[in-house]
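Chain lettering (A, B, C, D and E) follows the sequence in which the chains are written, and residue indices restart at 1 in each chain.
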Amino acid sequence: MNSIAYILLITFAGAGITFIVHHLIKPLRDIIAITVAASGLYFVIQSLTEKTKIVFGIADFNIIWGNTPYSNLFAVLIAVLGFLTILYARDFMAEKERLGYFYMNLLFVIGGMYGIVYSQDLISLFFFWEVMTWSSFLLVIYCCKEAQPIGLKYFVFSAIGAYSLLIAIVMIYAQTGNLELSNILQNFGNISEVNQIVIAVLLLTGFGVKSAIMPLHVWAPDSYSISPSPFTALFSGALSKMGIFGIGMVLFKFASHSGYFSYVKIILAWLGGITALLATFYAIFQTDAKKLLAYSSIGQLGYIIIGLAVGTPLSIAAALFLVILHGAFKAMLFMSVGAVYFRTGTTDMNSVTGLIRKMPLSFVTMLFGIITVSGVPPLGGFAAKWMLYESLIQSKHYFLVIVVFAASTAAFLYLYKLIFSLFLGQEEVEWSHVKEVPLLMLIPMLILSAFVLVAGIFPGLVLDPISHAMQYLGNYGFKYETSVLFNEWGNKINMQTVINVIGAVFLIAGLFVTFKGLKKTRYVTTKDIHTSGEIPEENENLTYAVDFYKPFERAIAPALKASIDKIYTAIGNNLEQAFDFLRYVYTGNGQTYAMYVVLFLSLLILFAELIFGIKL
Amino acid sequence: MREKETTLYFGPQHPGITGNMMVKLKVAGDTIVKAETHVGYLHRAFEKLMEQRTWMQSFPIVCRICVPEPDPNEENLARAVEEIEGREVPERAKYIRVMVLELSRLAAYFLWMGGQAGTAGLYTVPQWSVGDRDYILDLFEELTGGRIYHMYIWAGGVRRDLPGGFPDKVLRTMDYIESRLPEYDKLMFENAIFQKRAKGIGVIDKDKAMEWGVVGPPLRGCGIQHDVRKDEPYEVYDKLDFVVPTYEGGDIWARAMVRRKEMEQSISIIRQVIEKMPGGEYYNKVPNPLNWYVPPGETYVKTESARGEFGYYVVSDGSLKPRRIHVRGPAYVHGVSLLENILVGANISDVAMIMNSLGVCPPEIER
Amino acid sequence: MNKNLYNENQTIEEIKNTFHTAEIKLQRESRIIVKLRSDLIPPFLSYAKNYLAFNHLAHFSCVDWIEDNEFELVYLLYSYEKNIVVIAKTRISRDKAEFVTIKHLWRQAETYEREIHEMFGINFTGNDRLNEFILEDWDDIPPMRRDFNTIQFAKDNFYTRPGREDAQDVRETITKKSGEKIPDFAKEFSVRNLK
Amino acid sequence: MFNDKEASKIVDIIKNFARKHSLWVVAYGTGCGAIELPPTMTSRYDAERFGIRGSATPRQADVLLITGYLSVKTLKRVIRTYEQMQEPKYVIGFGSCTINGGMYWDSYNTIKALDRYLPVDVYINGCMPRPEAVISGFIKLQQLISEGKADGAKRYRENLEWYRENQRKVIKNWRMPEYNW
Amino acid sequence: MEINWSAVLGIVFTPVIAFLVGVTYGGLTRRITARIQNRFGPPFYQNILDIIKLYSKESNINHGVMQHLGPVFAITASVTTLFFIPVIKDSPVFTNFSFNGDLIFLLYIMVFGSLGMALGAGQTGNPNSAIGVSRGLSQLVGYEVPFVMALVAIMVQFQTTSLNDLLAVQDHFTKWIIFQSPFAFLAAILAFLGMMGYAPFDVVIAPAEIASGPPSEFGGKYLGLMLTSRSIFTFAKLVLFTDIFLGGAHDFITLIIKTFILYMIPVLTGIVFPRFRTEQSIRFFWSWPLFFGILAILVVVF
């Protein structure tokens, strides 16, 4: 047997064992879960060096599992994040109930994702896709009763995605008569152009749901914010990347034949741009930290989609670099917010404040996270942003680059609000009991922080596997060195110099300001501030957090109100009503869902016959 | 339990506050949800002190009630005493009083102009206008000996006659100030950004303005033409030719324009006064201040100051000392109930501008 | 003053017809003094505001008549239409210093009531904002009452810098010059006696 | 070239030179004297020539200008403002009423001698002092600084108990936050 | 290892020169403003005295480590920006690290300092600071957009993102980019007004509104470091604009003339305008500057 089989076997079997052990010997449960994730990580690293393929047949279909450089990239992301989240979940979830359920589903999600990236045929892809969707749905509704409508929303959208995937798969089978990826890729150019585009669009829709492109993002903010933090880190960090994985496959493997695909790509790029901008604007006005991060996640995925859709070597590299980085920093941010939740019991940015001196390491994690997201040097985000901008400018997407830049500048707003509201500001009495989270929660955060720092200084280390993956995607090559990036015009940025200069100046200035008058410098509490000479009352709130960006809101209000906002709210309202209706349809009973799926499938088969003139 | 809204202390130690007072703002975002005026930082118990002083000793006290424009206070107390006593004032003294009052109004408007522009962030105007105001203060200094506190008007007339050549100096100063006004127009009143900042902000409801006790330029900025100088002419205002400018809108801009137009009127009044100034005594003989028994009685006198109706309710019980002098400054209403109400829903950026345009002046609230 | 007093007389008539017990005096042109029983003040103010167009509460004052053991509350209303100030007065007992609020008629009355509450200790029922207005942490008797001795208070509470004693006493100088006597109260304040 | 003592002397001279030519006045008009500050700061008298400038918050300021009488309510705020300022800090008492109460000698609400409550470096006499007097007061302060005699902050720190006792006597409800001196 | 002495010289002297020039410009600004306002004004070295005084403050307070490091972030950004800009054209000494970075890097490193300061100001817990930061960041989004448009137009027109290449293009004054791409210059100079923070765009420190905003808790050495950083940063921005639009400078005299002329634009604008409200300021940047930016890009594309 080879590593891939081990990975899938261990993860899925581990999921079941964890569930059983939970009911038998509780303390062992965590250890088993961590061991499963760790061995998954071990075998993923093992598999990097080997190129394997498992083939076995079920019914008439060949099930093929194998790894490619492209899938390796994602597998490492899944393995690392999966391991770290389970490590993080050990303490975070310690007090919760139904942990067997939680760990089982978490491991199922991880296993499903492994399956997706290792699938070499569409049947197993779809199977693992559904495993991932179902188990993640169960995790979304894990927390409480309020999560059920949100879970439904997620499920409905996932179902839309799954059905469009299914239709596409059916169409592919109808057109090519084969479901093996390698065969399909060879024969894809032979089918009619209309069908090519229809299939591609359907596949993009299916994958787009998971990566929350703008019209399909409705589920994401709520689902991200309601699910338990360790899972959210995985959800946003790795699970959403499965959509990106698929989109990448579609854009570079399927869509490379017809000339019309350039239009699809432009539309997709602009969709990504709009997603990035609007999600950023929505993120700015959130009051819940997890919701803010959810919108931020949607926006970041917009950048990735732009990078993939633009399709120059540098932009693909930027997108894949962002995939890795987004996995890291979004996990960091969700973990850090989770740490705040762990200690304070809320993620409401209007009430939590001033935790910096109580949770310094969580603060550092969040600081690294927001610096990475904002793309400010010297951390990894800058390299990604740099490549993205350069590639957009050089591929003549002048207005798209403006949109992206506006979005990423506006991102400073919500990032500052996030770190300011939770960690900076007044240190209030009501949070005086808060202390730093346990070591096991800190380790994942700090590992990821170290990673984004290294990725910033030596982007080449991350770009090595990416360039291998790009070789697989379509022989895209681009020039880079370990810490030097080049654009297509030959201009370069030397990250090593940047970090040296910044580090040296920071050190000198820092030492100066620390040791200048060290003895006469004293710390005062945040209550001792300039309040115009007055002494604030006990119950008066000196933290400025409510409606933090009111002026900005007013500035963009006419634009938003005039066009998008109204349509969007209208759609949103209608959707809410639709979900109200759906609540009656989806009773929450698994069997009913199964029945619906069967119903839909049979309808689909009928339609398939009508439309495509084939019989399944 | 911690409140939801942020508390912002606007004053007393704040560059944007108009004097030593505090407005406690509760803000959500940068929109004000609740405003509370806190005063008392300047409370010197003048009304109590005046009960301990003779009538004449009260004159140095009343002028300190309103720092930017002390003369309406002296005028009020002087008129109140004269009214209770039935004392006549020489015609010349009346003209001199009007001149002093209008000069002080002009000085107050120049200070206001500096404050209004300064709170809007236009720092050149205060530099100019406070400098120009100093020319008026120089006139006061020559006339009364004091730059700020004059103690010049008192019961029975004024303290001293005009020095030689003074009318010419006043006219020259007025010419200079009139020549400066177009420059202020260009820099401030015609400035597009200033108009953007001022229009539609701090609106007072026209229908409610009278009931809420709005007086002076804020009232006239609502388009209501009322002025104590016209309604109940004191001294010689009924013999002078001037108009009371009004503007519609009730916002900062309307109030600013009202004041701007009144500056021209004041200059014109001063010129008329100097032209019509009669000769004769400037002072009717009064009893020895230490033995000055004012007969029992009460009166309410009012004067139009630069900020509106300045009223004194004076009660005498026939003794050497006032029984009660209760001061009604225009800021008493503007600075507390009106301000608290129109600040709700306003933006933090506009608080200082609104306060300045209402002419909130804490010493006359708490005295 | 040969002005037409038509408005004034008509207003006096109207008040007389409505409030029979009111003592009305035309003090001078555009000043009418109305003395009322204390329970008639709210209806009178409401009447004046709504029917006589006295919609501007110019002032609200209080005078401490310690000799009569009474506070005199003075409402000054002004009508922009008629150009008249009505001075409505009433007296309440000093021992039971309580009155009703009129803040439902004029919202700025709230401020006046807060001040008078603080300075005279008169309680206005219905005004729920009689908190600290001007003074802070005041625990003595309300300072504007006649029996509060500010000199004594200042002497007790504040350090007075020595050196005021040998300042030239203006009163004595005047006495020497003009031969007039120093009145009794002035002797009391004479710096010699301050110590 | 220099020995340590001389070097530190030279540093002191530079420091004092900079301090005396850069006096930032905290924007707090405590009394009616605030009316003479705009003329002092603006075009006619232009105190900025001497490096005198307003500053919005006490953290950045060097000079606390007590412009006139202090009511008890204000005194409390002034103490807080003063204690939030950074050393070296100077206090200028402005007007007669800060010296001995002036015309408010019998008022129940104003303190009569400022230096009992805050360490005053320079008093400016008059009611009210003219802008020229204000500027001359600042120049006197500059002299004191260059001679190293403007040590109000040091006095305050050393005699904190005495100042506190006086302050507490006047301010009845002492709810001031404790500072870690 | 061979030490490149001219590079060392550049590293040592560039920040010093930048500080001195920047601080003198600051003093001259106060002087010029004073002359316009009918007064004498402080001496031109007043800002140096202010900074020395702030450093010589005997006591300092901070509200925690982020406030302590806030000014350090600011000065790091200023000096780093300066190091990645060729101060003197083709000089071996004063080009520093400009070959290792490009315009996009400069765009980002320029906001690094503001964000660091924002974190420092945030930790003080002063609501005024937070309001100031919220205003500043909102305005940042306003002016960065037209600025980026101008830069994109230029980058596309000359097919480079390197400042040194742009300098090489402008070898004769007729080839200055201000003449080659006037709309980009208009957009950028309007954004520059916002960057410099003079009126009417001084919403961040608006004293009459929020008591000087973010720096309101900074005093002593922290404020001194901030002012130092601001001086250096002012110079760095001026040199950047000179390099992009005015063809850089071969010697210091040319540099000083060009930067001073450029500097007078925001200063003189600031004297005669009151302050915008924050949203008005953002909307301003999204009206004319944005229009010029679009025009600049369209001109390049077609």
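Just a few scattered comments:
Note that in this section a contact is a pair of C-beta atoms (placed from the backbone, for glycine too) under 8 Å apart; a residue touches a chain by one contact, two chains touch by 3 or more.
Keep in mind the model is a prediction, meaning the values are calculated, not measured.
Separation of chain A from chain C in touch steps, taking the shortest path, is 2.
Of all chains, the one whose mean C-alpha position sits at the greatest distance from that of chain B is A. Chain pair with the most C-beta contact pairs: A-E.
Located most centrally within the structure is E, per distance between chain CA means and the overall CA mean. With centres computed as the average of Cα coordinates, no chain lies farther from chain D than A.
If you average the Cα atoms of chain C and of chain D, the two centres end up 38 Å apart.
With centres defined as mean CA coordinates, chain C is found 22 Å away from chain B. The distance from the centre of chain C to the centre of chain E, with each centre set as the mean of the Cα atoms, comes to 61 Å. Between chain B and chain D, the centres computed from C-alpha atoms are 30 Å apart.
Multi-chain contact residues of chain E (touching two or more other chains): 37-39, 57-61, 127-128, 131, 134, 207, 211-212, 216-217, 220, 277-278. For chain D, residues that reach two or more other chains under the stated contact definition are 27-28, 42-43, 56-59, 73, 76-77, 81, 87, 106-110. Contact of a single residue of chain A with at least two other chains is seen at positions 520, 522, 524, 527-528, 530-534, 542-545, 548-551. Those chain pairs judged to touch are A-B, A-D, A-E, B-C, B-D, B-E, C-D, D-E. Considering their complex, residues 27-28, 30-31, 33, 55-59, 61-64, 74, 76, 80, 83, 85, 87, 106-108, 110-112, 132-136, 143-144, 146, 148, 150-151, 171, 174, 178, 180, 182-183, 185-186, 189 of chain C touch chain B.
Listing the residues of chain B that touch chain A in their complex gives 1-7, 9-14, 17, 22, 24, 27-31. Taken together, the chain A residues at the contact with chain B in this complex read 350-351, 428, 430, 530-534, 536, 539-551, 553. Taken together, the chain C residues at the contact with chain D in this complex read 135-137, 139-140, 143, 148, 150-151, 153-154, 157-161, 163-164.
Contacts from chain D toward chain E in the complex involve residues 14-15, 17-19, 21-22, 24, 27, 42-43, 46, 48-51, 55-57, 59-62, 85-88, 153.
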